[in-house]
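Read through the structures below before going on.
The two complexes that follow have chain A in common; it is paired with chain B in the first and with chain C in the second.
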Partner chain A sequence: MIEAHTFRFLLTLATVILLAACSGGESNVASGNREGILYFGNGSEPQGLDPHVVTGVPEHFIIGALFEGLATKNPYTLEPEPGVAQSWDISEHGRVITFHINPRARWSNGESMTAADYVWSWQRLLSPALGSEYAYMLYPVKNARDFNKGAITDFAEVGVTALDDLTLQVTLDERTPYFIQLMDHYSTFAVHRPTIEKFGQMTDRYTPWTRVENMVSNGAFRLRDWQLYRRIEVEKSDTYWDRDNVKLNGIVFYPTENVVSEERMFRVGQLHYTGSVPLGKIPVYQEMADSPYRQAPYLGTYYYLLNTTRAPTDNLKVRQALSMAVDRDSLNKNVLKGTNLVAYSITPPDTLGYYPPKLFSHDVAGARRLLAEAGYPDGRGWPGLELTYNTSEDHRKIAVALQQMWKDALNIEVTLTNQEWKVYLDSITQMDFQIARRGWIGDYVDPNNFLDLFLSGGGNNNTGFADPRYDDLILRKAPQASTREARYAVFHEAETLLMEQMPIIPVFTYTSKHLIHPSVNGMPPNLMDWANFKYVWLDQDWRASEAGD
Partner chain B sequence: MNARAIDDIARAEQGTSLWKDAWLRLRKNHLAVFGLVILALFVIIALLTPWIAPYSYQAQDLELGASGPSAAHWLGTDIFGRDLMTQIMYGGRISLAVGFVATAVALLIGVTWGAIAGYVGGRTDAVMMRLVDILYALPFMIFIVLLTVVFGRNMLLLFLAIGAVEWLTMARIMRGQVQSLRQQEFVEAAISLGLSPATLIRRHLVPNALGPIIVYTTLTIPNVMLLEAFLSFLGLGIQPPQTSWGLLISYGAETMEEYPWLLIFPGVALTLTLFSLNFLGDGLRDALDVRGAKD
Partner chain C sequence: MWRFIGVRLLQAIPVILVVITVTFFLVRIAPGGPFDSEKAVPREVKAALEAQYKLNLPLFQQYAAYLDDLAHGDLGPSFKYPGRSVNELIAAGFPVTAELGLYALLVALGIGGLAGVCASLKPNTAQDYIPMSLAMIGICMPSFLLGPLLVLLFGIYLDWLPVSGWGDIPGDKILPSITLGAGYAAYIARLGRAGMLEVLSQDYIRTARAKGLPRWQVVFKHSLRGGLIPVVAFLGPAFAGLLAGSFVVETIFQIPGLGRFYVQAAFNRDYTMILGTTVFLSVLIVLFNLLSDILAAWMNPRLRAQFGGH
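Take a look at the complex of A and B:
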């Protein structure tokens, strides 16, 4: 503990000295605006730059700049846009997708991209020997799961075929409307086969192929410099097919692990963008005129699991009473300093145009009535309830506030138990709890990503909720729906069914929080907290216009 | 020699008991008396807390949130709008109880164990002290986790568990003291008078070894209070909304930039207690160490 503090202190000190040393010259932001270089606070040093091996968010941004998938996303709408594939056809049943690769798509060494690159890359991702944690991204593909689990060993049986150099055909198990979105996840990106084979076998992890002098990529930018724990620089690629639309000349990623010093770097003009904002500073920035602080809904939900197989939460009325007694607005405003969005259902609002149903609201009288109907009028005869959370200051704050809300509204005792992360995970998978805290961050923007959690016996269900009607809607009706509206209507019906049974207490929707310099354009807030660097441009005249004010 | 000292000698010659003697010496040590008064005050407040606390310790006022000291809340409120003074008073109950009970357990086991081992000596001593060595080698955390897993979470158990691991050092100190005392003439005299070993240990050995034991005890109490905070943080000790000074301090430390009073006031309460214990411990050692006083 002491060591951590000392280290943090030294780091802060080092940053201050560094900043003092820099303050004589021009700031990064000023020179960056002139030269078209974006200075980006990227959270932490990437684990690596191999798209099939890494798993984190810091890697996401760097790899997103260096590589491009078959499809990419519009940062404003999150709708798929052509990437390496200039177009794609989806068969009538939705089970066969044919990607037409853009003939102008090039690797950074000038070689053309081919459908075979994808066949080889996906074989690499799915190979059990590589052990990629994101292999499941391709599980919708026919036989992909079996190949990844080692049940079949011949990759030819997996539903990926190169029909010719520029045509890739993918066969799915069933209609998967969000499959195109997965093409923008770095795990499904193509990697350059000759480069990887030069430095090892297909399934070797962390070979030197990702070093600056070796790396071959296919995105709008290419790797220019990588100084461990200091900075990663990428520059505009002159082989990228859509280079005329790339406005930035380069990006510098900083591993800004310490959020406090990151905020300081932003303040003195060393960064255009911060990966996060210290909670204590948020009120200060919120009150600022023309604040660089930006908070936007994020594709994640914070909720409590209710064990529907144990008393007293096996009683629907108890579950409803507990959920209705929570004053989410007060919690968010007073305890969380207004940094989140209150939630009354599992799916975040505006998930690609989908809005979840809101079946209840904060209602103390209603909650008391329900509890009385359940057999505990004014909390009499209450058997007690234990709330489990994983050890963290933020989770404790929320749990303590809820504990008292239940005490005040329903006159019931709830005890709190905190557990270390792995013990906690064990408890919830074994369903050895009564109420347990849970969070879910979506992998792709689709209600399915949240709603399939609660399928009967699902690995992340953890509540005992099981309803054949729900399973039927999610597994059968939704994939069959031919239009987005029809599909969302099915999801809405399913989510209504879910929230009527209240196996969870939704608390809030996460938000992303950043400081963004006003000269930065083309980086709109979105649910995935994701930037398409192709769209980003810096306003050169920003400083001049400020001086004119 | 001043008049008072002569007075003391006169009284001592009248044949006062060891304890009365010690009390007289202690009373003259102002710091020790100060410590005793503060401790007594804290204990009285802790005992009376349910009746004299200005607010309920769990009632929240989220609208109010964290506010600094004011007329309504003398020591301010925490982020849930709970009165900090009430929190400190309730926290004191737990911290002091853990401190005193766990230390008493450690004292009881440690002194008995060490005195027997030191007095009997030989093979018995070797076996008893090897057992202490083995217990020393056991990772303390695993021991506590095991206890809580087997018996569930229970405050009394927490006291006992902490006491059960803190007695080891006490036993070693006691054994060393007894071994050196055994060689002295007054012990031999007592043996030749036909005192039973139990009486001998109780009447002669333990009182003569009290000095270092008391000093160590005053060090153990704060140690135990911090241990409780650590265990509670890991989810093995007490759980919200119950609180203790150690927990209040650890929560306060996280928000010390925004709400410094949440760290300062519980910190002051704990520090005052620790100082008082140290002063009192020093004073008691001087007062009880017969040999030291006669030098």
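Take a look at the complex of A and C:
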């Protein structure tokens, strides 16, 4: 039969093609270990690489490799370390900081870095026309806020001056203990003025200066290749001042948007590092011997906003009852597979030595009593409540668990509504919700980064909570405190005030979750989930050293 | 023939204008804007951002400005990716999607055509039931299930093929092409079978057989062309569907194609990118439908005569 022959022929042909096309070659990890190239799962395609324009974690990693701030962070301790500035002096009252720029600091085109680079760059960041979403990082600087909001237009009034080529003086409104930390945030990095002006004006968001052929940067690595949605490659810079201590020869960043595919890429040796791990896979990895799974506390809190301007959550007792009825331990164990840390307040524990107050615990009887006092004994007369979350399977699971806990403990009905991301953002900004899911990830390690969310009328408050005593503590008392202990005591008082009013239901503290190949060294877990690529090295003989153990 | 093409192209212009207009206003009506982010930005900063992209102008003025730019071939800057133009993003994504679509179409035609023809030769036997049942499964099985299954089998257990990427590692184009093509292969198999069955029952085929022509000659020379007309008519919409619908496969295999840009743009409220991709894809769909009509006409002598007459 002719068609049977044809069938068989085509089948054979297909098999041959399939086999011929098979990879079988060396994996990225194997070749990378030999050549000193790190293959890095980076979550998504970066919006761009202009440090003053973009926001986001994937951007943070790439820009962190390409640029360096005045100070950088030790990945083990998160303490500031010299970067472009080899040292800095802080005046006695804490308001004047003088940075001494390292004379060996160079741009990737070989030009020396100067204090004037910073004055110009900070003017760019703060210019209202640029529309930088991270301009507020420099608000501690004198008059920076007014300049950014257009209240003053002369940048000379802003507290930043180049005393000479290598000396930068910054004047702050008040003592700001975390200011040096901000120097490691990409928004405060210097950009190369001639390059930007070659392709447009200072405040243009939309110019090709960040393209491979145009970019000038100052970090341990420089841009080598950028293929949209495929990969970004950086290579070791030969102009970087501390190049002798840079061990990697390059990094390849992959936009691994799909976490399931990312995990598969890791399994077949295409990646050294994954940006995240699918929840369902975590138990499997946890049980492995020599597991590549790494989990560590992360500077972020998962919580629910309670709208204090709408019934029934305008009633404090209702808010307290809802929060106390949540069995966080059970949620973490059964729904989240034990991958997070339960939270009873907004600031993550051990935020540079600060611990938040714990004012309540899981207490069903207490919650029922409070609900009865609020006028809903055993849930009778309950008007119903709607919980809003942004569409995601993980958020749904948590919301369903809470819905059930409230039903069991308080006998009340809560309906769930999921909204697509931008719709959800719109709802919480307009406060068009009763309960809404929210997460906050810190930009710097300091309680202030979480507690200033709840200032009266703050853009990220979203609850209607407003208390002049609280504002006074955060805005006036804390900056005036002269020691860390005194300052933390003020924060503790403020956070106690906040949690007594319960405008939020804290649920858990995030953890960072990664798969990291055993050959990768110098990438310790830390609260910021931050890698300083200068420290990273790949152990070519990781198998041998393992066998030797 | 030329008149037919000309008329069809003229008809396409109002269609595309309607598409642009509806999309333009729909994306702006959708709640949430391109510069809404998790961390609230000061009002002044947001206003500056919107001014940079002319979003502060009255809606109708924005619309007129957009049409004007479009007439000059400029689809505008992307909101989400500062420093990239929509033209540039489409130019980066489209070749990948087109290549994927083409391979998927070849897979679909190869497997589907073969299965359909085989099935039609011995209707209502195992040779018919097996490929047709498989085709039914193929139609029912979504690519978000088939893709991961193929990856598990060929990528992870057998370790024969790469699990993701496009053009990075040899062989990484095979699984996505099969995943995307499978559903269409199934359609083509069923269409091919139906078309072939109809042709095979025609008098001229009986005549050919009665003349004692070898069976392969009857099938390949006399029946195939007529039998595959429904398949060819399906190719235009199929290819357009492959281009516009490759999002799922592009996501599973992390392929840097247009489908992924498109869906991301909608999530990001990247107005210019949504509009640009929509316009681009509508033009393509119109063109492919036209192309497949022309091809079908060329294959069908009766239709060809009709065109010739004009």
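By definition in this document, the second predicted complex is superposed on the first by the 473 of 549 C-alpha atoms of A that agree within 3 Å, B and C clash if a C-alpha of one lies under 4 Å from a C-alpha of the other, contacts with A are read in each partner's own complex, and residues count from 1 in each chain.
Operating definition for what follows: a residue touches a chain if its C-beta (ideal position, glycine included) is under 8 Å from a C-beta of that chain, and two chains touch if they have at least 3 such contacts.
None of these values were measured; they are calculated from a predicted model.
Once the two complexes are laid over each other on the shared chain, residue contacts for A:Gly200 go to neither chain B nor chain C. In the superposition on chain A, A:Glu420 makes contact with both chain B and chain C.
When the two structures are aligned on the shared chain, A:Gly375 is found in touch with neither chain B nor chain C.
In the superposition on chain A, A:Tyr136 contacts chain C only, with no contact to chain B. Legend: residue contacts after superposition of the two complexes on their common chain; A:Pro383 is shown touching neither chain B nor chain C. Counting the residues of chain A that each partner touches, chain B and chain C differ, and the larger count belongs to C. Once the two complexes are overlaid on the shared chain, A:Asn148 sits against chain C while remaining clear of chain B.
With both structures placed on the common chain, the touch criterion links A:Asn258 to chain C but leaves chain B unconnected. Residues 420 of chain A contact both chain B in one complex and chain C in the other.
Interface residues of chain A facing chain B in the complex, by the touch rule stated above, are 280, 327, 330-331, 333-335, 391, 393, 396-397, 399-401, 403-404, 407-408, 415-420. Taken in their complex, chain C has these residues touching chain A: 30-33, 35-42, 44-46, 48-49, 51-52, 77, 80-84, 89, 92-93, 110, 114, 117-118, 121, 148, 151, 155-156, 159-166, 168-172, 174, 215-216, 219, 251-254, 256-257, 260-261, 267-269.
Chain contact summary for the complex, chain B toward chain A: residues 58-60, 62-63, 65, 79-81, 153, 233-235, 239-241, 251, 254-255, 257-258.
Put simply, chain A touches chain C in their complex at residues 2-3, 6-7, 10, 18-19, 21-25, 45, 47-48, 50, 53-55, 128-133, 135-136, 148-150, 205-211, 227-231, 254-258, 260-262, 264-265, 267-268, 270, 420-427, 429, 439, 458-460.
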